[in-house]
Amino acid sequence: MRKFVFEALITLKNGILDPQGLATQKVLKRLKYPIENVKFGKLITFEIEAENEKNAEELAEEITYKSLINPVLENYELKLLKEIEA
Amino acid sequence: MNNLYLELGLKDFEYEKIKKDLNREPNDLEVYMYSAQWSEHCGYKHSKELLKRLPKSIENENAGYVIIDDYAVVFKVESHNHPSAVEPYQGAATGIGGIVRDVLAMGARPVALLDSLRFGKDIKSKNIFEGVVSGISGYGNSIGVPTVAGETFFDESYNTNPLVNVMCVGLAKTEELASSKANEANKLYVYVGSKTGRDGIHGASFASKELSGKDDRPSVQVGDPFSEKNLIEATLEILKLKGVLACQDMGAAGILSSSSEMSFKGNLGCELYMDKVPLREENMEPWEILLSESQERMLFLVEPGEEKEIEKIAKKYFLDYAVIGKTINGENIRIMKNDNILSEMPISSLVDAPSMYRPTKEPTYIKEIKNKKFEMAIDLKTAFYKVLKDINVVNKSWIFEQYDYKVGTNTLMVPGKADASVVWIKDTNKGVAVTIDGNGLYSYIDPYEGSKNIVFEAARNLVSVGAKPLGVTDNMNFGNPEDDMVMWQFEKSIEGISEACKTLNIPVTGGNVSFYNESENMAILPTPVIGMIGEIDINKIMDMTFKNPTDKVYLIGK
Amino acid sequence: MKAGIIVFPGTNCDRDAEFALKMAGFDVEYIWHDFENIKKYNLVFIPGGFSYGDYLRAGALAKFSPVMKEVERYVEEDRGLVLGICNGFQILTEAGLLKGALTKNKTLKFICKDVDVKVINKETPFAKHIKKESLTIPIAHAEGNYYIEDYDYLKENNLIAFEYVDNPNGSIGNIAGIYNEKFNVLGMMPHPERNSLKTLGNGDGLEILLSIRRALENE
Amino acid sequence: MRKFVFEALITLKNGILDPQGLATQKVLKRLKYPIENVKFGKLITFEIEAENEKNAEELAEEITYKSLINPVLENYELKLLKEIEA
C-alpha cells in the first residue's frame, strides 16, 4: 500500500454571502490598507492509503465531495501534494 | 404565449385574476412580483379564511404583544422548515435572524428565544438535527439573545422534512412600540442593513412547494449574526429619532413585500427606485432586487430630512443605508429604475392573494384509529425502562448547553429546571414566563382535541412555575393543503386552538403557517406548535425539584 | 470608583456588566470602541460577546479598534485595572496584553453552564479580597480552550488566576483565567457578571467584582 | 496602480490540537475510509492595490502576519496568485 497527501481548497460559491470576509475587509480598510475582495475558505489536508495514485485520487474526490464540503454552498479544488513513505 | 407564470407556480385562474385586476397582461417583472406575493408563504391562500376564526387581539403588525406593567411583551413564532432541510445550519440560523427582526420591527429589544424542533430518525436526520442546533447556537449566541426554552421530538414522519420553529420575545415600553403602517404620502423609505444579493430568491414560492429531493438548490441564505447584532442596536437607536414614522423587517419577498404592505396599511401608494438599492452582486435584475431575501435588512419610513441622522447611525454600526423609495398618494406601487417606470399597478391586488379555502370532511383514518384496539405487549418494568431510554424522553442538556441561555442576566429559570423558563423584566419585580409546545401524535389522532390539549399543556407549563398565561402565538406545520386530509386536519386544529384559548380567555396575538411539509409522498404528522407567554412575580417562582425529605406529594386532577 | 465598559460592535454582555458593576458599587459608563480617552476610569472592563462577529478569530478584529491602543497605554502607565471577560479575555490575548491564545473548545461546541473554579493566586489587586477558595461561575463560550507554549512560565510567575475544577474545554493546566506580569490585567473565560445576585445563581461572581473595588479603594 | 491577488494558506502549528481535524477523521474512519492526519486550516484570498509587485507583496505579508493569523497558534504561507486589471 502507498500513501498520498491531498489538499482540498474549499471556497464559497459565487453569490453566497461571506460574512467573515466582509467584516475582515471592513476592518482592514479602516486601517487604510488598499485591500478588496477578502474571501474566506477552508484548507483541509489529509493522507490516503491506496494501491496507486488513481485509486487514491478517486477516494480523495469522494471524501471531499461527500464529506468535507457542503455542495449547496461550496466549491472545491483538490490537489495531490505528494506521496509519502507508507 | 408566455408561460412564466406557470413556471413560477401561479395557477391559470390566478393569472386570469391578475389580468382582470390590471386590465392588461402583466409584464414579466409583474409576474415575478405576483408569484412571490401570492405564494402560500406570503399570501396565506389556503389558510387566511380559517385563521379568521382565531380569537385574535392584535391585527396586522409584525408581531403581537401582551402587557405586563409598563411593558409590552412582544412575541411571535416562525418556521424555517424547508430552508433547514436543505442547509440545516444556515436554515436554522436565518430562521432565528428572521423572527428576531419581526420582534425588533415592533420597537422591542429581543430578550429571549425559544425553539421547537422536530426531526426524523434516520441517519440523515441526525446530521440535520446537529446542524440545526449548531445553527441556532451560532446565530442566537452571537447576537446576544438567550435561547431559554424549547422542545425537541423525533419521529419518522419528519425524515427529510424537519420542523424548525423559532420564537422570539422582546420587550418595549408600551409608548415605544413602533408601527408598520405608512400614514402619509411623500415620506421616505430608508433601507438599513446588509447589501442585497441573490439570496433566497424564490424562497417565498419555494417554501410553498414540496421538496422533491436532489435538485432543490435554491440560492441559500447565509446568516450574518454580526450584522444582525448591529442591526438590532441601530434599529433601536433609529426608532428613537423623532422623524421616524414606521418600520418593517424585510422578510419573505424582501423589499417588495415590506414596502407594499407598509403602504397598503396606510391606504397609500409607493414608488421604489431599483437603482438606489445597495447591491452585493453585479447585474441584478429588478425582480431579483425586489424579491431577494438577503438577511439582516430593515425598512424605515421617515420624514424627509431625517435620513441624515439615520445615515450616521448606520455608519456607526457598519451597515449599508439608502433612500430607496417614498410613499405617494393613490393606491399604486410604481417600480422605477433610472427614472423609467418598470411597473405600475394597484397594491391592493398584489397584497390580496385569492383565497383557496374549501370545505373539508373527516378522512377515513380517523375511524380506523378510533376502532383500533391496543394491547400492552410488554410488562410494566420493561416498558418503564424503555420509556426512560427513549430518545424523546432523555435529558436534552446536550442541546440547550450549546445555547447561551444566560446572556442578558435575566434568565431566572434556566432550561432543564422547570417546564417553563422565566425572563426577568429588570426594574420591575415581574418576569415573563415562556414555553413552546407541540404534540404531533395527538394532533394526528384527533386534530381538534389534540390541538386543544397543546394549548392547555402550554398553560400548565406556565402555571407550574407560578405564572398566569397571557397570550398565545401559534405555528401551524402541516402537509400539502391541496390534500383534503391535510386541510381537514388544519381546520380542526384551528378550531381546537380557538376553543382552548377562549376557555382560558387568552388571545392569539399572532402566528405563522407552514404548509407543504412532506417528503416521499408522506405528510408529516400535523403539528401545530403553541408558544405561550405568562406573567409572574419574580419572588414566587417555582421549580420542579423536590425540596425536603418527608414533604408530601399530591396529585391534582384526574 | 469609576468603571468604563468598552463596547465593540458585536459586544453583547455590556449591559450585564453594567448591572453587575453597579451591584458591586461602581459608577459605570460605556466606552464606544472608537473612543480614545480612558484615563479617568479606575477599572476598564472588556465584556463578553462576539466583537466583529468573532469572524476572523475570536477577538482578532477588535484589537484594531482605536480604543485598544489606549488600553495598551493605560496598562503600561498603570492607570488602573483591566478586566477582560470571555470575549474580553480573547481580545486581550489577541492584542498581546495577555500571554497565550484561546482556541476552539475540544468538544467543538459552544458550552453554556455553571462551573467551579479554584482561586489560584490571591495576592493580586483583583483577588485579594475574595474569601472563598472556589467559586461557582457560569461559562458561555465556543473558544475558551487556553493554550500557551510556555506553561511553566505562567506557573513560575504566579500568573494563573483561576483553574477549572472540572476542565470543560481542554485548556492547558485547567486554566480559566490569567494575569499579566504587572498584575494589572486579568482575563478570564467564566462570567462573574452573570452571577452577581442570589436570584441569578449563588452570587459568587460578585465576590470578584467586590474584591476589585475594595482593592482599588484601599490603594 | 496595479492590482494583485493573494492567497494565504493558514495552518495550525505543530503540537496545537486540531479538534475539527480529529473529529472529521474519526467520522471518516468509521465510514471505513483509509484516511489519516486530517488537518483543518484556513484559506483567505484578497486583492491588494499597489505600485508594483514588490510593494504589494510587502503589504500582503504585513496584513497576513499582523491581522490574519495568530502567531501563537498558526503558521502561514502566502502566495501571489496573479495580477488583475485594476
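A few comments on the model shown:
For clarity, chains are labelled A, B, C and D in written order, and residue numbers in each chain start from 1.
The rule is short, and it goes like this: a residue touches a chain if its C-beta (ideal position, glycine included) is under 8 Å from a C-beta of that chain, and two chains touch if they have at least 3 such contacts.
The shown structure was predicted, so the numbers you read here are calculated from the model rather than taken from an experiment.
Between B-C and A-B, more C-beta contact pairs join the chains of B-C.
In whole angstrom, the spacing between the mean C-alpha positions of chain A and chain B is 35. One simple way to say how far apart two chains are is to compare their mean CA positions; for chain A and chain D this gives 10 Å. The distance from the centre of chain B to the centre of chain D, with each centre set as the mean of the Cα atoms, comes to 39 Å. In chain C, the residues touching two or more other chains are 52-53, 55-56, 64. Listed for chain B are residues 224-227, 318, each touching two or more other chains. Counting only residues that touch two or more partner chains, chain A has 19, 23-24, 27, 40.
In this structure, the chains touch in the following pairs: A-B, A-C, A-D, B-C, C-D. Touching chain B in their complex are the following residues of chain A: 15-19, 22-23, 26, 70, 72-73. Touching chain A in their complex are the following residues of chain C: 52-53, 55-56, 61, 64. On chain A, the positions that touch chain C within their shared complex are 19-20, 23-24, 27, 30-31, 40. Every residue of chain C that touches chain B in the complex is listed here, in rising order: 9-10, 12-13, 15-16, 19-20, 48-50, 52-55, 109-113, 138, 140, 142, 191, 193-194, 196, 199-200. The touching residues of chain B, counted against chain C in their complex, run 134, 137-138, 141-144, 224-227, 229-230, 317-318, 400-409, 411-412, 424, 426, 538.
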